[in-house]
């Protein structure tokens, strides 16, 4: 079987200007900092980032925003990172950050749909609000729903707690967040993980993300303070 | 001021029943956890992936892998469960949260809620709020009755909606109101205020309950 | 907290003629036999059963069919239980079993949608086949999908491996099947489980079904040979 | 007869590449697992909830909690994972299964597949087949070329479809065919049959590949 273990710099080597990347985590808890750091070093630009939030300055996706690498951010909340507002309101057109806000549950389902081959899901969330603008409203069993389309990306950055050499991964505590869905919805999936173990060491009942989704495994992820 | 918030949080807590699954918003709603009545066991859900959330973690004893939706280090109770965000919002959207408590910029007599966009200000994002108010069985708005005198309880919201027709109850320092088909029903009032003062602080016509009573403390 | 532990007969006491019941399992692996047995004893009739398959005679849903309790069966496969064909083709109108066949992945998503508050999902499965009859076809990003509506039931029968006294449940091996989705999509959820443990004994990272979904816990479920 | 099935299964096995995720249907397709070439590691998926399925369990050593989609007791390999049916079909529908191998009643030159309804017979149900053929990256139909002489490979299926335009490859005891935009391309033939015999056993006009060669054994 192919060896998937590599350094963070090797793992991000194929990422190009303009690519889209899903990043796991919630306020950077569950975000693989070692992969973010490698992407900052690589300094690719004009990225589309799909993440629950904008992290905070100096943590998670916040580092990419600080470094001016993000062109478009698809997230449910960006309020705790003041740099987002600055970059959205800059007068320099080329530097402008576009921010697309999606309700958190809708974002989770859209990523899941992207990974599960669904053409979309119908959600009651956002009906009658500006979130509904431009979307099809479909009535089922007497109630209105928005048709929300699937989301996919070129790459996904996952943060694992324990990963075996095949890529099977578990997530501790609230680091799980968007990681399991994102694992299924990107062409190239990289796990930054705290502990790499031999194949067979994780109970098959406890694996959360199957190794079949994982293209690259990077060890050395640490528990990080927010 | 702290007293007012505690008054509101304490009154909200009395709405919670044994066995309820409860999601508390950031800020004032979080304080509700401090006032759960004796003998009432509620299960706190945190939308970033916890069922059975416990109190904030003690300084120096934080587990950095466990935060709440406000990005604070928290503990979990015996019998807790961690899950991913799709599962979490399946629980929320699917009606498995009994009560959600959150603040509002505006709420109106049709139960419409506006709490995510302030004109001219940075839009922080709706986070999980839109799903929570659409999905939870009971939506309680817990807030100060006015914004420094300006009406927040209205005939019709002026700010962009978070959701339409979702609010069940409004609890402020002035009283307890239920959103009914006929309009906003004042069920309990704080005797520190007259009914005239409460109506004056409200941008919608209040219906006074025939069973109106003093606010439970 | 409310005590949820009871006998199988107590747990099925509220089930009435004509009710709908979701039953976990795949070819009866992951089906709670002790609950099925109690339902056979109670002998309520005209049930709608939602289950992956019809089990086999003498196992799982097969027992309910043998006992003539099932009016409508919603399943993906019924071929391994010859009694289904007999009961579908009986001349006695009142005894007739109606069988609605649903692709397995669609059945899983419909139950999940029912539990997750979705108005439905769009699936490519069944497009251009008789499964599409009477369903809305929606084109998303240039591909056709069927709109499949959510499924819910009055009751769900789950088969747990380990359940704590709150109802938190894990499933061993391939007993998991439809159980986790069905836990979320019924008004009254009963777990027949192999082992009951104290609250706190299951690692919060390993719980699959939260106790919030569970109304009744019945111990004494055994590993069964097919 | 057993030889014919083994011939087909062995040829199918040569289509599998190292690292492929593979779902095998019941019957002949299951036999493919016995012929995986040396040095090729494939991961077997079973739609009832296994990634990394191993061989059938030895008599007397069965774990009754672990079956395959054919309801046989099986083992799992090191590095396996168990999951629920929604997750399983997310994997299948989402294109994460590289190859699915299954039988057919009829398959036609447009890649349409009919394998679930025989007129006048009990309809057993499609199980997971409709999802598998729509979702898998490569769909291989593995079957005997004819049903006792009656055509199964047709210009147009007559039985109700399992799915439309999904079949990539047909492997029979007579040869290896690819479904192309132009029609069915015969790429390999079994020298026990003449091209005329193969065409005669086929209800669609075969396109003979310019690179036609003997069937790999």
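Think of it as A, B, C and D in the order they're written, each chain with its own count starting at 1.
In the analysis below, contacts are C-beta pairs under 8 Å (C-beta built on N, C-alpha and C of every residue); 3 or more make two chains touch, one makes a residue touch a chain.
All values reported here derive from a predicted model rather than from experimental measurement.
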Checklist entry - Counting one step for each move to a touching chain, how far apart are subunit B and subunit D? => result 2
Item to check | Comparison of A-D and C-D (more C-beta pairs in contact) | outcome: C-D
Checklist entry - Where the centres are mean C-alpha positions, what is the separation of subunit A from subunit B, in Å? => result 29
Checklist outcome for this item: The distance between the C-alpha centres of subunit B and subunit C, rounded to whole Å, is 35
Checklist entry - So which stretches of subunit B touch two or more other chains? => result 82-83, 89-90, 92-93, 134-135
Next on the checklist: Where in subunit C do residues touch at least two different other chains?
Outcome noted: 109, 112, 116-118, 123-124, 171-173, 204-205
Checklist entry - With chains as vertices joined when they touch, what's the shape: line, ring, star, complete or other? => result other
Checklist entry - Which of the chains are touching one another, listed as pairs? => result A-B, A-C, A-D, B-C, C-D
Checklist entry - Once bound in the complex, which stretches of subunit A touch subunit C? => result 109, 113, 116-124, 136, 138, 140-141, 143, 145, 147, 149-150, 170-173, 204-206
Checklist entry - What residues on subunit D touch subunit C, complex-wise? => result 46-50, 62-69, 71, 82-86, 88-90, 92-93, 122-131, 134-135, 160-165
Item to check | Touching residues (chain side subunit C, partner subunit B) in the complex | outcome: 1-2, 112, 115-118, 164, 166, 168, 184, 199-200, 204-205, 207, 210-213
Next on the checklist: So in the complex, the part of subunit C that touches subunit D is made up of which residues?
Outcome noted: 26-27, 29, 52-53, 75-80, 84-85, 88, 101, 103-109, 111-112, 123-131, 161, 171-181, 208, 223-226
Checklist entry - How about subunit B: which of its residues touch subunit C in the complex? => result 18-19, 21, 41, 43, 51-52, 76, 78-83, 89-96, 134-135
